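Look at the two complexes coming up: subunit A is in both, with subunit B in one and subunit C in the other.
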Partner chain A sequence: MKILKTFITLFLFMSFSQLHSNETNNILKNKILKNIRCLICQGQSVYDSESDFASSIKLIVDRKINEGLKEEYVYEFLREKYGDWIVYDPQLNKKTYILWLLPLLLFLFGGAIIYKKVIINKNNKT
Partner chain B sequence: MKNKGILFIVVGFLCFSFVIFYKGLNNPNTYIPETNKKKNIPIFNARDFYSGNYITSDKIFEENIFYIVNIWASWCVPCRVEHPLLMQLSKNQSVKLIGLNYRDNFNNAKNFIDEFGNPYSRILIDKDGTLGIEFGAYGVPETFLIDKNKNIIKKFVGPINQEIVNEIKLIIK
Partner chain C sequence: MLSVLLCGVSIKDFNRSSKQINQNVLSLSLLQLVFVIVSFLSLVLSFVNSDFSNETVFNNSHTTKPLFYKISGTWGNHEGSLLLWLLVLTLFIFLFLIKSKTQPKKYRILTLLFQQIIIIGFFLFILMTSNPFNYLFPIPNEGLGLNPILQDPALAIHPPILYLGYVGTSIIFSSSLAAVTQNYVSKEWGQHIKKWVLVSWIFLSLGIMLGSIWAYYELGWGGFWFWDPVENVSLMPWLALTALLHCIVVLERRAALKSWVIILSITTFTLSMCGTFLVRSGILNSVHTFANDPARGIFILIFLFVLIVLSLGIFFIFHKENNKNLNNFFWLSRETSILINNWFMMYFLSVVLIGTVYPIFLDVISSEKISVGPPFYHKLIAPFLIPFLLFMSVGPRLKWVKSKVENKYSLILTFVVSVTLAFFIIKNLTADILFYTVLVSAAFFLFFTTLRELFIQKLNNTSQAIAHLGFSLLILSILFNSILSSEIITNMKVGEKYNYSKGEIFFKKIEERKESNFNSITAYFEVKDLKGRMVELKPEIRIYNQPIIVTSEADIKTTLLEDKFIVMNLVKGNEYFNIRYQVKPFMVWIWISVLLLSLGGAMGLFKTRT
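Our next item is the complex of A and B:
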């Protein structure tokens, strides 16, 4: 009886961890698929598309995740095959410096103006 | 003086934005594949069309010659158009053609080959399209030229024409 109890507990534990692992993989897979552009569709991600190309990419991503590969590696694999265009989130490189840095510069510039207007003027008044 | 400075910054910013957006108008918003980028051939394991046995990429590309990988399907109309040119290329001794049968029905593919001839030294089955992804393909037909160092040196999207055949012949000569 004791052996049976141990066996059932072990079985339930293993099933639960398997279920948990599948769910984690599914979340990661959907996250990756939403960030991959369907190259033959108009403005659709691979996640949203049912095209042949999208379904092949879905299978590849699923395979890579099940092999235990990390999210970044999956993007790297696809970038190597299709270039930066395949991924919605562009990497920081010499082509995208302006894209990444301009909002930050504008934010700092705006912040400086607000600081000058509000804080310094307030100090001058007092 | 202060207002002039602000006006200058605003106008400067608008001009900058205009240039960026104007340049962006000329950029196409569709995918344009890099056709001349040198890449290593992928490492894969695929099923042979006739024997049904699995074979590794090392075995497929083992000879010290040029290879052409052509992705085709019996349902693909442009594949019929380019087929006579593939037959013409297959007569060349310094190149071997490998066919990748993409998302196809076996009997239809076999009928296609029986009807139009077999230019391929080996045909591989790509039932789910993942082998095509390994090559960086996104449609059918696509053709890849592989050099003796096992690098993909050229990629031709769409059906090949006589001009492309001449270009390939010039490279493999």
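Our next item is the complex of A and C:
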């Protein structure tokens, strides 16, 4: 009887953790799907689309997650198969240095202008 | 009808030559306005009467459409929307002439002149590439219909409001050029043009919000902002305009930052034009692109180029940098805080601009395609929101010229309260505790400081406090919305129940019905939460007949705390439906906060008038 009890608790616990991992898997899956472009649609993500292409990508992503692949590797896999166009999050490489760094440089540049404006004044006053 | 337009053009040339006589100019621009109104109304009329001898009507309307959408179909297409644009252009310049009677005469006429250049450009554009009055023969019996996802009340009023904002920037553009040539960039000019900035800003904010609401319930995915290129294109002028709005206050008070104000005015209008170009040219890959044609794109591009060269030319020839010493600011003052606001605004603007344009650029240069989507913007914008919000909380409390921090203790107290509150709310919700806590505390901090300003300190600047309160509320509701949203996606058939960790969804029945322009399948769902409270949701699938398009209509139950959102799709070849059920907390607060933001702007408008 006791064994049975432990067994049941264990079973329940396992099924619960199974359920739990299912839910986190789902969240991860949705997150990934939102970051993939549906290639045959007009500016929709796979998550938002009901097209055949989107459905097949959904299945692929589902399988990859169940295989235990991490988020980045799923993107990597899709990139290799369909090209950079498919993932909404551009990688930082020599094609995209300008994309990622130019805004930050502009920010620093703007900061420098303001700094200069304010500091000159300080020197004048003192 | 074509002649009506041609008349308009000739009027304009006449208009330019007779710029000495003020009364004449006024009546002529009234005449021009009347002509444009007449041509616009005649287009509306041909839509209402389903006059299919008109090509535009044929392409975009259908006899079975309800009257409301026949009318809104007038601007739901490329040709009609351009005519609307023109209508607003002429309307605004007319209003400008009436409202600016106290301003110097030369400045008014020059503004009119620059505005006429823009108007002529648009006239040519309409006549050459997109005439809304093309004649069709033989006359077709039936039109092709309007894209059904455009048949929606929010979208029916979205373009006019957005255009009011866009076109308002043209007035700012023309008048700032005129002011530069007349060396009239002064406190008075700042005061006068601020109204126009405010008006365009309010309309632009409301227009963007309407578009966003539409995307939320009509596109059917429960999102309200997708960082889609077309959305970005409307956000860019908004950011520039917001920056302009702030630094015009500096101009008004201290006669400083003159060249910056002019540059911002030019930028804002250029961005609005760029927006039109990008949307109309079909370069963008977007959900919102409905009509496009490369020839049009090239025309707008040339026109845009001419305008930019012209404006920059004028700016460099006429603008003289004088009284340089006045331009410097004390480090702790209102001016500096506004500079910091502009600094961040320009940064956000550059992120959005580069994110939108760079992929096109890369495609042209190396024919490599990359996608720039939400993750990019979130990574580059969210961290910068934190200092931005903090500066925004402290900035408005500073005084002009020179200030010191007052009420240090209450400020610190508010800050501590915000951080603790944020920490306890966030602690149990998400994995990324540190980042969200900091971000949410910054937003709370702004929220409490502006609230305090509004109710306890009773400063005279209520409009600004309300607008800032709206902004903090916007950030807070967006954050909580994104953290707390949950969703269920599953396939169900009639009579099935689906249990999940927070409740149960019951698919009760479906009903079919016929409307004049579509057939619909309505499903009835009962959603229970754990406490047994039940709501009924009725999403719909519509099969439109002209053109044949299937759309999903979401059903949303809105309460102050959360939206319950359900949408369904057909699954090919069986009796199951694909159901997507979402709980989206604080959704309604996003709209409320944008309304607050605009209300603040509107109050500012009222205040400057009295």
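Here is the rule we go by: the second predicted complex is superposed on the first by the 118 of 126 C-alpha atoms of A that agree within 3 Å, B and C clash if a C-alpha of one lies under 4 Å from a C-alpha of the other, contacts with A are read in each partner's own complex, and residues count from 1 in each chain.
Please note the rule applied: a residue touches a chain if its C-beta (ideal position, glycine included) is under 8 Å from a C-beta of that chain, and two chains touch if they have at least 3 such contacts.
Predicted model only: the values in this text are computed from it and were never measured.
Student: Could you tell me if A:Thr96 is touching subunit B, subunit C, both of them or neither one (first, second, both, neither)?
Tutor: So A:Thr96 only meets subunit C here.
Student: Once chain A of both complexes is superposed, is A:Ile114 in touch with subunit B (first), subunit C (second), both, or neither?
Tutor: Once the two structures are laid over each other on A, A:Ile114 reaches subunit C alone.
Student: Which holds for A:Glu72: it touches subunit B only (first), subunit C only (second), both, or neither?
Tutor: Neither partner.
Student: By the touch definition at the top of the document, which applies to A:Lys34: first (subunit B), second (subunit C), both, or neither?
Tutor: second
Student: Identify the partner contact of A:Arg63: answer first if only subunit B is touched, second if only subunit C is, both if each is, neither if none is.
Tutor: Touch partner of A:Arg63: subunit B, not subunit C.
Student: A:Glu50 contacts which: subunit B (first), subunit C (second), both, neither?
Tutor: After superposing on A, A:Glu50 lies in contact with subunit C but is clear of subunit B.
Student: Classify the contacts of A:Gly83 with the two partner chains as first (subunit B alone), second (subunit C alone), both, or neither.
Tutor: both
Student: See if subunit A has more residues touched by subunit B or by subunit C, and give me that chain.
Tutor: Of subunit B and subunit C, C contacts more residues of subunit A.
Student: Which residues of subunit A are in contact with subunit B in one complex and with subunit C in the other?
Tutor: 37, 83, 85-86, 98
Student: In the complex formed with subunit A, which residues of subunit B make contact?
Tutor: Residue list for subunit B touching subunit A: 20, 31-34, 39, 103, 128-130, 132-136, 138-139.
Student: Going by the contact rule set out above, which residues of subunit A touch subunit C in the complex?
Tutor: Residue list for subunit A touching subunit C: 19, 23, 30, 34-35, 37, 42-45, 47-48, 50, 83-90, 95-96, 98-100, 102-104, 106-107, 110-111, 114, 117-122, 124-125.
Student: Quick one: in the complex, what on subunit A touches subunit B?
Tutor: Residues in contact with subunit B: 37, 39-40, 52-53, 55-57, 59-60, 63, 80-83, 85-86, 98.
Student: Any idea which subunit C residues touch subunit A in the complex?
Tutor: Counting only subunit C, the residues touching subunit A are 219, 221, 223, 226, 228-229, 284-289, 325, 327-331, 336, 339-340, 343, 346-347, 350-351, 354-355, 358, 362, 366, 368-376, 380, 384, 487, 489, 501, 569, 578.
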